[in-house]
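Chain IDs A, B, C and D follow the sequence of writing; residue 1 opens each chain.
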Amino acid sequence: MAERVAVLGAAGYAGAVASALLHRHPHFELACVTARSDAGVRLDEVHPRTRVPLRLEEYDPDRHAEVDAAVVAYPHGASAPVVEELCARGVRVVDLSADFRLRDRATYEDWYGAHAAPSLVGSAVYGLPELHREEIAGAHLVANPGCYPTAAILALAPLARAGLLGDVVIDAKSGVSGAGREPTHSKHFVSVDETVTPYKVGRHRHTPEIEQELGGGVRVTFTPHLVPIAHGELVSCYVTPRTVAEGERDEGASRPAGEGDLDVRALYEAYDDEPWVEVVEGPPGMLEVRETNFCRISVHADERTGRIIVFATIDNLWKGTSSQAVQNLNLMFGRDESEGL
Amino acid sequence: MAERVAVLGAAGYAGAVASALLHRHPHFELACVTARSDAGVRLDEVHPRTRVPLRLEEYDPDRHAEVDAAVVAYPHGASAPVVEELCARGVRVVDLSADFRLRDRATYEDWYGAHAAPSLVGSAVYGLPELHREEIAGAHLVANPGCYPTAAILALAPLARAGLLGDVVIDAKSGVSGAGREPTHSKHFVSVDETVTPYKVGRHRHTPEIEQELGGGVRVTFTPHLVPIAHGELVSCYVTPRTVAEGERDEGASRPAGEGDLDVRALYEAYDDEPWVEVVEGPPGMLEVRETNFCRISVHADERTGRIIVFATIDNLWKGTSSQAVQNLNLMFGRDESEGL
Amino acid sequence: MAERVAVLGAAGYAGAVASALLHRHPHFELACVTARSDAGVRLDEVHPRTRVPLRLEEYDPDRHAEVDAAVVAYPHGASAPVVEELCARGVRVVDLSADFRLRDRATYEDWYGAHAAPSLVGSAVYGLPELHREEIAGAHLVANPGCYPTAAILALAPLARAGLLGDVVIDAKSGVSGAGREPTHSKHFVSVDETVTPYKVGRHRHTPEIEQELGGGVRVTFTPHLVPIAHGELVSCYVTPRTVAEGERDEGASRPAGEGDLDVRALYEAYDDEPWVEVVEGPPGMLEVRETNFCRISVHADERTGRIIVFATIDNLWKGTSSQAVQNLNLMFGRDESEGL
Amino acid sequence: MAERVAVLGAAGYAGAVASALLHRHPHFELACVTARSDAGVRLDEVHPRTRVPLRLEEYDPDRHAEVDAAVVAYPHGASAPVVEELCARGVRVVDLSADFRLRDRATYEDWYGAHAAPSLVGSAVYGLPELHREEIAGAHLVANPGCYPTAAILALAPLARAGLLGDVVIDAKSGVSGAGREPTHSKHFVSVDETVTPYKVGRHRHTPEIEQELGGGVRVTFTPHLVPIAHGELVSCYVTPRTVAEGERDEGASRPAGEGDLDVRALYEAYDDEPWVEVVEGPPGMLEVRETNFCRISVHADERTGRIIVFATIDNLWKGTSSQAVQNLNLMFGRDESEGL
């Protein structure tokens, strides 16, 4: 029998994609969709592409928490209390916000301020199936990763596991949907068209999440850029391998490159059996992953400088958010991880 | 009296912009425009926006070298022999190709292959007025910088002078006009739209030029990306300061940031009197420099990691190529550097 | 048992989409993909988004005609002889070219020149399921409509049936993929970005096809425009109703508008049961139909002038070409028309 | 001596362009810039591309009306009372709003509601220099045309003068800046990118202005479309010539086309001496007019249907608004019409 799933905050971009995926999912049943601002309107009127004919309702726990699972697409801070309530009622939750991604409360509060449901901090599983598949399967609360962390962690995890992450610079390029649906000057077509804009330089809140999952105490410089694209995300990761960073920097250029090259690429064979990760030779374009759950990765050795360069692309609203949420739901309910994707 | 200037290779994007600027220049006279493929056609038919009614002619040194100066907009390799011939006839040349930018012939041949006019190597002035204004004034042959080097060198020169360039990663984003006018699959609208594509990873030929001008033996990792934009270029430069790179890396994060912050920004006051460099607080957008000779720079200190992040934007066809060529011509002929710009 | 289907000309945009749809179709089996220029390469290397791992082969009738059906994605003129050969071997064909769309040979030759397989002219069914569902079901040769005609005919058929088509102006806007994959100056990103370009004014070859299917001797003025979009198509159709056109023009403005309004919209209820036509109130956006088989239509009465304005959008490569081809194949083989779409 | 000019409403797109043009104008002096929402901020901070270092001030007639002229860039309705006040103080005004464009008050009120300064209705000159150059020269109040009317009227005026305007359909495509700077859902990048959206179908307020200036009682169907472009506008005008419309429609197709063709093009020689109108053979692209005061026109005869098709492009913020305002100011103060453009 189909598990019934609610999508809370379905009028935003992420909630709409999650709703569309669940609506046409072969097993889950999209039970209800909620939204504050557009309550009363049908979701397919706000987001026709979803073709979900359900009416958006204002969230009411007594009516909308009578489900098996919920995808919560609220802004960080707003999410925690609702998630707490849902968990208390036994609803299994995939939370798209940042509220439960950081296991360390102090780190959370450094970047986000006071936490609204501190007792739950540390109780969620970080919902990146390629890293935490087993824990997700049994989880009641999954903290869905941010879009940038999804791409960056998948790009760098094989190097992290090999202890190679010395110095890391991540230069990310993201389509505008990643900034949400609320109209602002910075998302006005005329502000975005024909330009590239770095933002939140040195202080983007996805940074601690990336550092937590890569582990090893690595500090990353993470700089996102807005590009004139609707959906899609590319992270360009520049890694100075630890052995080089630690005192051998100057000889980096003369290191036998072929060897290093070979080793590095072999690390990515770890993804050979992953259904949603593609390691490719050429540049990993955004169109190749658009509206899919794929993450596409390519690895390069810069022999002159000894650096490793890794690129990864995802659709920020799919693998970066909502199709990954469905991948997590599949795992949580013992289904094939790829169903409905 | 007006100096007469020829533009060779005027049917390409760079040659067309140079022609348009010289055609409406208050002092120079655009004497002739040449092109192989479109010979016989008027330039304003090939590039209406130039509004230059001159007919493109096939280059003939006996007719087109009877000028005071020439802008040569040929591909690298093709440029050297023509430049040699023009110089021999006493024509002053701004060469837009890479043929005379590198002072070290071995470095040139590492990146480009055999040089077609080796006797001239090292005799050109590198045409970045903000660094070499005085030499340009007396020069007979100016090697106009590449578009990426223009932005990257202006972004990093104040740090280089201060001896701060430890480790450097340059992640560049460029509009498609930078790749030239020849139709190819990679410049087809459908290939470029809604995606970002890294290219020539670890082997873009602008790399040695950047390293030469920054000096100090610095090795940069330079990665250009194609973005769905016609004109414009952003370089995002990530610098690990030398003092930090040399043994103090781990303490980087705890370095007093305010102090470092102050020092770094002060270095950019070197540009205070530069007419075409704007140091700004916010992100340096491409629209702000489009079809201008401006380079726009912003500097950030990433206090967590101790890195300095510098962004710079230019219009790749203007300050990155053709308006800079006119700036150089102005200097070469003793005019105000900003005339006609 | 699965029918085996070949896609000929699979390296172009349309052939690639057809291949992808057939590859993941629940019933058809994609037997082989052919292409001249990219023979030997895997389709998913040329078009990664298809994720079709088959190798492109040069077409050889003795090997590739051993199938139940073929989708032929050749240019007009090149298609006819191959289609003739396939038909002779008993292969059922959906031809994406224009070669068999016009039932009148003289009209074909007026617009396209001599026909390469004149004996087959008139023997194909025009593959617009919403108009010719029954004939398609039994057809051996289906001439798949052009992309503009698909949208224009669906937009205007209800008015045509009601005898209302007096004067018709169709102003179409199309994404660049409609112009094919071959790189040209006019498809260079820099030529398309930030502009709209009318082309083939008064002489686009989709015109006679539209007139044939609307019938009644109507003459349409059809003007396509290239817009800076990869996929998608909008037709804006301006109809002066026949009764008004015939002598009552001047009173047009004073005609009771409410009445006309009501009548006109009621005509579009003819689409109520069509699975792939959506008649909507608001503007029928391209994103709503992108990578779907939907055609989305909205109808407006301009009360001041008495005109009827109809908008329709499709994805030019899907309902405009390749998903419609699959819809036709489904019908030809007695399957549910929407399978695999 | 330089006349002093104020720009009221300088924080919007149109006001910013007008300010930039006046700031660098060889004769006018930009005396002050006003804005409500951004008062206190420098204009070059809100719109860096203007490079106007003046601070925006809240409008105060006692301080800002001490000028020779004003450009008023207010929304319609808000403009009239301020214009009335400025006129009363002897300030010469170019009003960018619609408030004084329609000479017939009843028509104004049909489309816009009650007029806020009815005594001035009919006293303004319609500021299209190519039609009203002489009246503009002596005018105290110039109503600057809308962007669509500028392109449409210039496209059609030669046909109107020849009495050829039977039936007229105008299908317009506009960049997003035409919709103003206020952030809304419909101007969000994600709403505009990769789609074309018709809007205000049958009820765009530029319609009566077009009809007024073309005269002869013509009724036009005017439909604007939003395209994913920042600046620029194309009108595609479909004209059924009057002689054909009046009873000869059916023979239209057999009319000697060469003859008609010749005649029609000859009508556009009326623009031969116009400095800012270019009649061209090929499609009149938007890039060719971007950030210029040019209107670019091409004329086609559709011989099959007897229709005349005229395309015109302008930059909606330049010739469509602010550079045209400067052209008008030049004329009003007896200067060369092209100064500073």
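Things to note:
In the analysis below, a residue touches a chain if its C-beta (ideal position, glycine included) is under 8 Å from a C-beta of that chain, and two chains touch if they have at least 3 such contacts.
What you see is a predicted model; the values in this text were computed from it and never measured.
Distances between chain centres, each the mean of the C-alpha atoms, put B farthest from chain C.
With A-D and A-C as the two chain pairs, more C-beta contacts join A-D.
Once the centre of each chain is set as its mean CA position, chain A and chain C turn out to be 38 Å apart. Distance between chain centres (mean CA atoms), chain A to chain D: 46 Å. The set of chain D residues touching two or more other chains comprises 193-194, 228-230, 285, 287, 290.
Chain contact summary for the complex, chain B toward chain A: residues 167, 169, 171, 173, 175, 194-199, 201-202, 207, 219-221, 223, 225, 227-232, 234, 236, 238, 240, 245, 249, 252-253, 283, 285-287, 290, 300-305, 307, 309, 311. Those residues of chain C that touch chain B in the complex are listed here as 13, 176-177, 181, 183-185, 187-194, 228-231. Those residues of chain B that touch chain D in the complex are listed here as 48-49, 193-194, 280, 285, 287-288, 290-291.
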